[in-house]
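Below, each structure is written out as structure tokens.
Each of the next two complexes has chain A plus one other chain: chain B in the first, chain C in the second.
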Partner chain A sequence: MNAVSPTPTKKYDLSFARWVRDNIDGGDRMNMCMQCGVCSGSCPLSDQMDLGPRKIFMMVRAGMKEAVLKSNSFFQCVSCYNCVVRCPREVPVKYILHGLGRLAIQEGYQDKKDVANARFADAFWWSVTTFGKTDERLVPTLYFFSAGFVEGIKKSLANLKIALGMLKTKRMHIGMPHKTKNRGELKAILEKAVEIQARHEGGA
Partner chain B sequence: MGKKFTFYPGCSSEGSGVHLDTSTRAVMAKLGFELEDISDWNCCGASVGDLAAGHLPTAALSARNLAQAKEQGDQDVMTACAACYLNTHATNEEIRDNEQSRADLNEALAAAGKSYDGSLHVRHACEVLVNDVGMDAIKAQVSNPLEGLKVAGYIGCQTVRPFAGTERGGDYSEYDHPSFLDDFIKASGAEAVDFENATSCCGGSVAVMKPEQTLHLMHKILSEAKEKQADVIATPCPLCQTNVEMYQDAINKKYGTDFNIPVVFHTQLLAVAMGLDSKKDAALHQNIIPADKLKAMAK
Partner chain C sequence: MGVESQTILVVGGGIAGITAAVEAAETGYEVVLLEKEPSLGGRVTKLNRYFPKLCHPTCGLEINYQRIKKTPRINVMTMSTVAAVSGEKGNFTVSVKRAPRFVNANCTACGECTKATSIEISNDFNYGLDTLKGAYLPHEHAFPMRYVIAPEAIKADGEAIKAACKYDAIDLDDAGETFDLNIGAIIWATGWQPYDANKLTMYGYEMADVINNVEMERLASHDGPTKGKILRPSNGEEPKKIALVQCAGSRDYNHLPYCSRICCLGSLKHAAYIREQYADAEVDIYYIDIRAHDKLESFYVKLKNDPQVNFIKSKPARIEADENGNPVICGEDTISRDVYATPYDLVVLATGMEPSTVCGKPPVEIEEDEYGFLVPKAGEVDGQISAGVASGPLDVSMSVQSATAAALKAIQAVRSNS
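Moving on, here comes the complex of A and B:
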């Protein structure tokens, strides 16, 4: 996989923490964390997280990159922003978790096939880059089948009644996906943004 | 009144949240606002774009929408979708306030011959109802008060967090005990039950990916609505509406409950209360669990 951040070689090596500070959205405020735990305490799914944000921030500072990037915590985040509005030091917790989650996949610390969120996010991004919009039929279907054919059939059947309800109430349509017309323009903008992001991650 | 907005409908407006779109347009028109859609808009990236592509490409989605909006004029941009608001507003501020982001996103926009300076103002439709309209003006349009309807006002997350309690978000709500949704409900003539889970999370997109890990969140919301004997739950968020409605079967199976509680948008309540058409304006036929009591009140 593609290692973009430095891996500390000894305890309390700050190289990874500094990289997070400079490259992860919101990472520049991580130093403000005073370990009060309001973030983990106000998180609706922290009971399903192995570490939770408070521990993660301390472990980043302690140079424990591998243990951090193997955490399941990033992928329990429901983007409720309780942590963001409640943090007394204004650390944008959710943003940092999402950035670290992406890094965990990017650097191969976690395999996409084991991370439902990453497979869902890929299906979503495919729809956005292909049509300019989220297709609420294709994104879940692609996601259901991303874990294999049998799993795909099982998940599709489990959601059949919901899909039929959506069709019946015309909240799901039959036919081609809704599209942004000037997709060439959107594609050019997104490709450039990806290029700039890679440039920054490479240290520029 | 008579104010014009550039309107960002967002992906759910053409699918799962079409009834929010329909009822928002109807209520806003009744209140005298003109909405002009952002021409050829694209997705905002919701809450998962950043995991797939990273922050900058996700922000570039909103940057294109904002550049389009700016080409249509300097009027405020309004959206009724919680996630669209969050992403569009956040990117707008980033372009306005962060020099590096402004440079990066303009470099990306330049690939399509576009640019944007962050000079627009992005607003949530609920904030517009509170700050630009006010409850008295809403009440003045209510010709068909929903007397006897008990409503659990469920706001969810991203409509209010992280911006509604800040000056830059219009400062129209606090986070723990917001009152604006109950105010809309009362303005419609209905009764707002005291709802402690008003800003609890339904699971958001994680509910779509991994319902088994989030059903307990929606169970909590539905249990309180039932305990408070609400006839309907009303929410401003398209994902909350869909999640809390469509997972009731799965929740009943898992917890042995018998929930069958209609989940409507606050704008559907207001449309009916304003005497607008129950189908064409309030789109009540698009709730999977029919809101029969509300429908019976419609003119």
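Moving on, here comes the complex of A and C:
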């Protein structure tokens, strides 16, 4: 989902709901939402979210693009899928939230430096694409320092005890990062995925 | 080909079946009314009151029973089901299976047989909320007014029961029977059953104080398990804070995708029962939309004006037990966006209606809609018609209308090529 929504700077955009329907994964079922509140009620992080999925869907329909894309709700989601399985209207709530979260960063409504989840995702993705595995040292380090050098030192020191404990129990290794075999194949798979995604967006 | 039979078979002796049978018979047609239970009345006779006027169903049923008694052309067969159907309009051969009642028409409903048995069975009339003796009258307004003996009571105390009866009404050798009827047209009025609340895994139906709406009707009925007093099933105390949860199963693709139509008014009626019995009780109604259509809206407005009845626009996400075992309803209030967790003394799940035929299809080909309701499109041509909730979720008055229409279609069917 790399397509840019038509009016990235407008506060209100009445075509936003239609755009979400056509471009966001699962957005075509958002019009089934009947505002019952089961998604936000089932969500284990609902009380941490400013809006919650139900209200976000209503606001998307109302064209409140800016207010929606400034919400913290997307990045609180832990993908537990409660909302997806409980929704009485089969709206894939989690997918839509993730799509909107990505849009929020892509269009600059939210800055990555304020969104820990997005920075963690970057670190995770870097490790997976580079080694084919998540490295238990590099991913946290990259994530800690993504918020700045001072913050990185602080977070690293705060987690030092855990790291030493993991070393002691052989949950963290010393030496080169572990890598998957045949990383060329992994690269080909990822390239294919990017190609498929581009094709989908081309058709949207 | 001429019509061989003009007899109309009505399958199901609930309000729709009774109405269809009476309407057809009163215009001069022979009618056979089949009912699988020992007495007529179906779901309606288990209701405490009707909405919106809060009158008692016994009144309307009694009028219909009088009409049946005055119409010799209606043949009522209880404890009977359809085993097989063959043939076509005007010439169906319907095989009827009658289960043993062990009591013949000599019965005067004196009740001596009840005293002669010690066997206790689950009381289906009260949805299993209590038990009764194995020799029993189905309920006090039973039609026909005749006792039934459970097979387990016959096995245990058969001779004692027979000895206790002064009217020679006990037939220990009753083994039921299967016989064929020649029928011109069939009206399927097989009705509905409450959606199984155990399937709503997040709604804690296994808790004693979480009940469904049909059980609430029995709790409020004077001949119910609590003699009409609404009490907490867990400890028999008076509930002070009660929640009524709408759309428990209905309007949900995981359960019943359709709106069952009756539950909103049913729950408003339950709120009225509670407020009538307990002046200080508080009732919270959790809803998605209140669907009080047409003239029924005035009943909604009346309840809305009651300061002790609160309407909370939210479909609860789950119902949990607190440390004392009391139900706690959790979810998001969609007006305030607050996430709540509220404890209650009693929770009533407004479970929806599903067609009875989901548990046993009619032994014949008949068109169904995507939810399993019977919707034969050309009943007057094919001789098979559906009536009442067998045809879709309806309230009592709409069921009666649908049954009258079905009676007319059945008459058209049996007359069409005579």
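Basically, the second predicted complex is superposed on the first by the 184 of 204 C-alpha atoms of A that agree within 3 Å, B and C clash if a C-alpha of one lies under 4 Å from a C-alpha of the other, contacts with A are read in each partner's own complex, and residues count from 1 in each chain.
What we mean here is this: a residue touches a chain if its C-beta (ideal position, glycine included) is under 8 Å from a C-beta of that chain, and two chains touch if they have at least 3 such contacts.
All figures in this text were calculated on a predicted structure; none of them were measured in a lab.
Overlaying the two complexes via chain A leaves chain B and chain C side by side, clear of any clash.
In the superposition on chain A, A:K65 contacts neither chain B nor chain C. Shared-chain residue A:A121: touches chain B; no touch with chain C. Judged by the touch definition given at the top, the superposed model places A:G99 against chain B, while chain C stays out of reach.
In the superposed model, A:K55 makes contact with chain C only, not with chain B.
Set side by side, chain B and chain C differ in how many residues of chain A they touch, and the one touching more is B. Judged by the touch definition given at the top, the superposed model places A:S46 against chain C, while chain B stays out of reach.
Once the two complexes are laid over each other on the shared chain, residue contacts for A:C36 go to chain C alone; chain B is not touched. Shared-chain residue A:R89: touches chain C; no touch with chain B. Of the two partner chains, chain B is the only one that A:Q197 touches; chain C does not reach it. The overlay of the two complexes leaves chain B and chain C separated by a minimum Cα distance of 5 Å.
According to the touch criterion, the shared surface of chain A, contacted by chain B in one complex and chain C in the other, consists of residues 85-86.
Residues 11-12, 14-19, 40-43, 45-57, 59-61, 63-64, 104-105, 107-112, 114, 157-158, 161-162, 165, 175, 200-201, 203-210, 213-214, 217, 242, 246, 249, 285-288 of chain B touch chain A in their complex.
Across the interface of their complex, chain B is touched by residues 25, 44-45, 48, 76-82, 84-86, 95, 98-99, 101-102, 105, 116-118, 120-122, 124-125, 127-128, 132-134, 136, 140, 143, 161-162, 165-166, 168-173, 178, 180-182, 185-186, 188-194, 196-197, 200 of chain A. Here chain A touches chain C in the complex through residues 34-38, 40-42, 46-47, 51-52, 54-55, 85-86, 88-90, going by the rule given at the top.
Remark: chain C residues 202, 247, 251-255, 288-289, 313-318, 330-334, 337, 339 touch chain A in the complex.
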